[in-house]
Amino acid sequence: MDMKVELIAYTPEPEATVAAAARLCYSSRGAVGLKEALTDAEAASLIKRLISMGHLSPTEHASFTFAIEGVSRALSHQLVRHRIASYSQKSQRYVDENNFSYIVPPSIAAQPDALELYRKAMEELREAYRKLAGVVPREDARYLLPNAAETKLVCTMNARSLYNFFRLRCCRRAQWEIRELALKMREEVRRVAPVLFALAGPSCETEGICWEGEFSCGRAREVRSRGVAADGGDDLGA
Amino acid sequence: MDMKVELIAYTPEPEATVAAAARLCYSSRGAVGLKEALTDAEAASLIKRLISMGHLSPTEHASFTFAIEGVSRALSHQLVRHRIASYSQKSQRYVDENNFSYIVPPSIAAQPDALELYRKAMEELREAYRKLAGVVPREDARYLLPNAAETKLVCTMNARSLYNFFRLRCCRRAQWEIRELALKMREEVRRVAPVLFALAGPSCETEGICWEGEFSCGRAREVRSRGVAADGGDDLGA
Amino acid sequence: MDMKVELIAYTPEPEATVAAAARLCYSSRGAVGLKEALTDAEAASLIKRLISMGHLSPTEHASFTFAIEGVSRALSHQLVRHRIASYSQKSQRYVDENNFSYIVPPSIAAQPDALELYRKAMEELREAYRKLAGVVPREDARYLLPNAAETKLVCTMNARSLYNFFRLRCCRRAQWEIRELALKMREEVRRVAPVLFALAGPSCETEGICWEGEFSCGRAREVRSRGVAADGGDDLGA
Amino acid sequence: MDMKVELIAYTPEPEATVAAAARLCYSSRGAVGLKEALTDAEAASLIKRLISMGHLSPTEHASFTFAIEGVSRALSHQLVRHRIASYSQKSQRYVDENNFSYIVPPSIAAQPDALELYRKAMEELREAYRKLAGVVPREDARYLLPNAAETKLVCTMNARSLYNFFRLRCCRRAQWEIRELALKMREEVRRVAPVLFALAGPSCETEGICWEGEFSCGRAREVRSRGVAADGGDDLGA
């Protein structure tokens, strides 16, 4: 089951909206009509300045809504810990999970013996679930379901919350599945708001700084030696 | 100075977005493509059901951004107490307020003597501000500025937060200026999401219940006698 | 594995603290010293009034921290959806789960065949986990772990957030495990702040109103016929 | 009117509480009893490690409640923009402000002419307020009141939110009044949780980094030359 991430809705003209809000703070011009009064180049330059100074509050005015599927309940349990966000998730209490799909971690997929053991365990869980779901409520049968079970979500975050999310979850030390999600989400939002998200990512990419101490992957050093932000940022192939 | 409220950005197709998120929770269909799969009538019926049962979390996926001007700092201080929201506001620390505009409460406007006293006080404050701003930083001169001083904001709330805002601030017991703002904001969002906001308002309008105890205006009783929600809701003329 | 809930820390004198904050709003007295100036009876009377009028914001000044164990990951995934709260949770990425404990739903415990099937499935998962954890990282082996797997959390909520939590999760229609948790948490806080939490619970108990529509358990009707709030509230034996 | 800040309530043993929550994440020990099992030295060492790695979430379990008076409405309008916090504030709608106190910015106090002008303006506002409050509701008369008018608040923040507050508001570029408040609040919490707040402050103090760009005061450079965190941090005399 492949992870799918689709940006299903977002604030139109996110960069113009953010720039108008930022401009308002320092201007005696009216709020009404301010968005139209900014050129694209002015908006871009204002946004770059905001982000370099860490003045992120105006970026909250742009929101992004993602449809996500092909992810595990292990991932969703981590994801929903980000509290400045809105979630709707497929309920295991109400939806029939007789044929639940599941996620396979790459480390397991790479070892035939491990993979066979994993697939067999999943098959047995499906069977046990079907039997239980016949005699107890679905909401109780689901206690059998594994972290691997596939779930679907709709998730909305504003740009500031996404900045925080990308900073933590695009890091190479993040858990692989949520990192894959974060990289896909970042790709989606960069398509529609390239300036706004140009510098969204872990602090190694954006500032040449790593906070992981002894666990650091060493990338901050590499980035510093090439010049901060000269690096395009990680993708899944990296 | 008249209050102006303009909806400058919002999640496109807010009702379809909310309905798709709600549907996901109870369906084994994919999240991707779900929005397109719903007809307008299905979306409307789902939203009505959600709201009548108080299941408001899917409504968080729709966000609304307002440009607001012609309001007082008395209002903005109250407004920003709503924490599930994003604000950008004209700064009195940086913007020159030599000719600040100001708001006149209707109770003052209605009494010529009071109005004259009020206008004179404002004129004197402007003069004192100009003098002070010449010898101390603007951020200190502004200590003179009155609550009445006009401010401008960009404000973003999601639909759930707006529900809460309209419940509290469209109430006849709310302070007149923030109530005027709430009614204008409600008018704006009802234009683009009529089903979503049909039942947004104080509990007297929506449930025939009043929580104000001895301070109740009596409207809940009226509404109950006519049938809850049969009432179109207050407007400023009411 | 039995559920354990312990209140490990909370704002001292929670009721006096809340009452002092509430009193401040309507008084020209100083904030400093206000707490000491209130008698217990005054604090109690003020709190009752706040809650009956739904003015809950002063109750946010009292926070409560719980140690929770003997609960499932099914529960914790639901719990952390409450966003106005703080959580620390045992990590399955780092902690060895070779001998994971698990929760048994009562509907399964009540049927010997179902229970046997369930216990056997758990035993097989333990074995599969042990094998996998030998050849892949723990954070990947845990994809096998079931929703039933026991977890431990420290959770902090303020009184207002607890009000919302108890309203939703003490309801008879809530999922049984999180309802058990909510009832235990309510018992704990009522011990140290009886006035503050006297009326915390589902709207049937507190207002004689049910929002569940066709799914209502009928309790609101019972409560209304006896008089709202005359009812002591549900416990797990009910 | 002098600013007064008093810590009126806080989570008992804040450092032990935070350390227990942090320890839980990486341990198979029970949550119940964990707090007692940690020595003070272990708690301190764990907290230092958390903070140096930026893992601040366990610090949310400790909350701090302040009574604040002798501050201006200019300050309170800024303060309540911090949304991860709880506030109760003296209401100008209900409280009689006939003899309102007011704050004098130091830049004004330092210039006799400016001060005289300022005091005279305040005197005239008091008089105008008294007249207006006789003929219109208090909530409308208050439109005259200046930003300088004294207000009182009760404010609760958890340690993580305080970290953010101190980072922004202890900075020398912050507005003088809110900076004075932040320094006083920091002094209060350092008294009861010295390890937890040892490194709370602007990024120049804690990391030798400044984000203010061309507006930097130069302190980050000084701190770097002496070694990060060797500096005790600013106080108002600095």
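When the chains are written out, they are named A, B, C and D in that same order, and each has its own residue count from 1.
Keep in mind that, in the parts below, a residue touches a chain if its C-beta (ideal position, glycine included) is under 8 Å from a C-beta of that chain, and two chains touch if they have at least 3 such contacts.
Quantities reported herein were computed from a predicted structural model and do not represent experimental measurements.
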Chain C and chain B - chains in contact with each: A, D
Winner on C-beta contact pairs when A-D is weighed against A-C: A-C
Distance between the centres, which are taken as Cα means, of chain D and chain A, whole angstrom: 32
Rounded Å distance, chain A centre to chain C centre (Cα mean): 28
Chain B residues counted as touching two or more neighbouring chains: 87
Touch-based graph of the chains, sorted into line, ring, star, complete or other: complete
Chain C residues within the chain B interface of the complex: 52-54, 211-213
Residue ranges of chain D in contact with chain B within the complex: 72-74, 76-77, 80-81, 83-84, 87, 92-93, 102-105, 107-108, 111, 113-114, 117-118, 120-121, 124-125, 128, 131-132, 135-137, 139-140, 142-148, 175
Interfacial residue positions of chain A with respect to chain B in the complex: 4, 6, 8-13, 17, 20-22, 24-28, 30-35, 57-58, 60-61, 63, 65, 67-69, 86-91, 94-96, 152-154, 156, 158
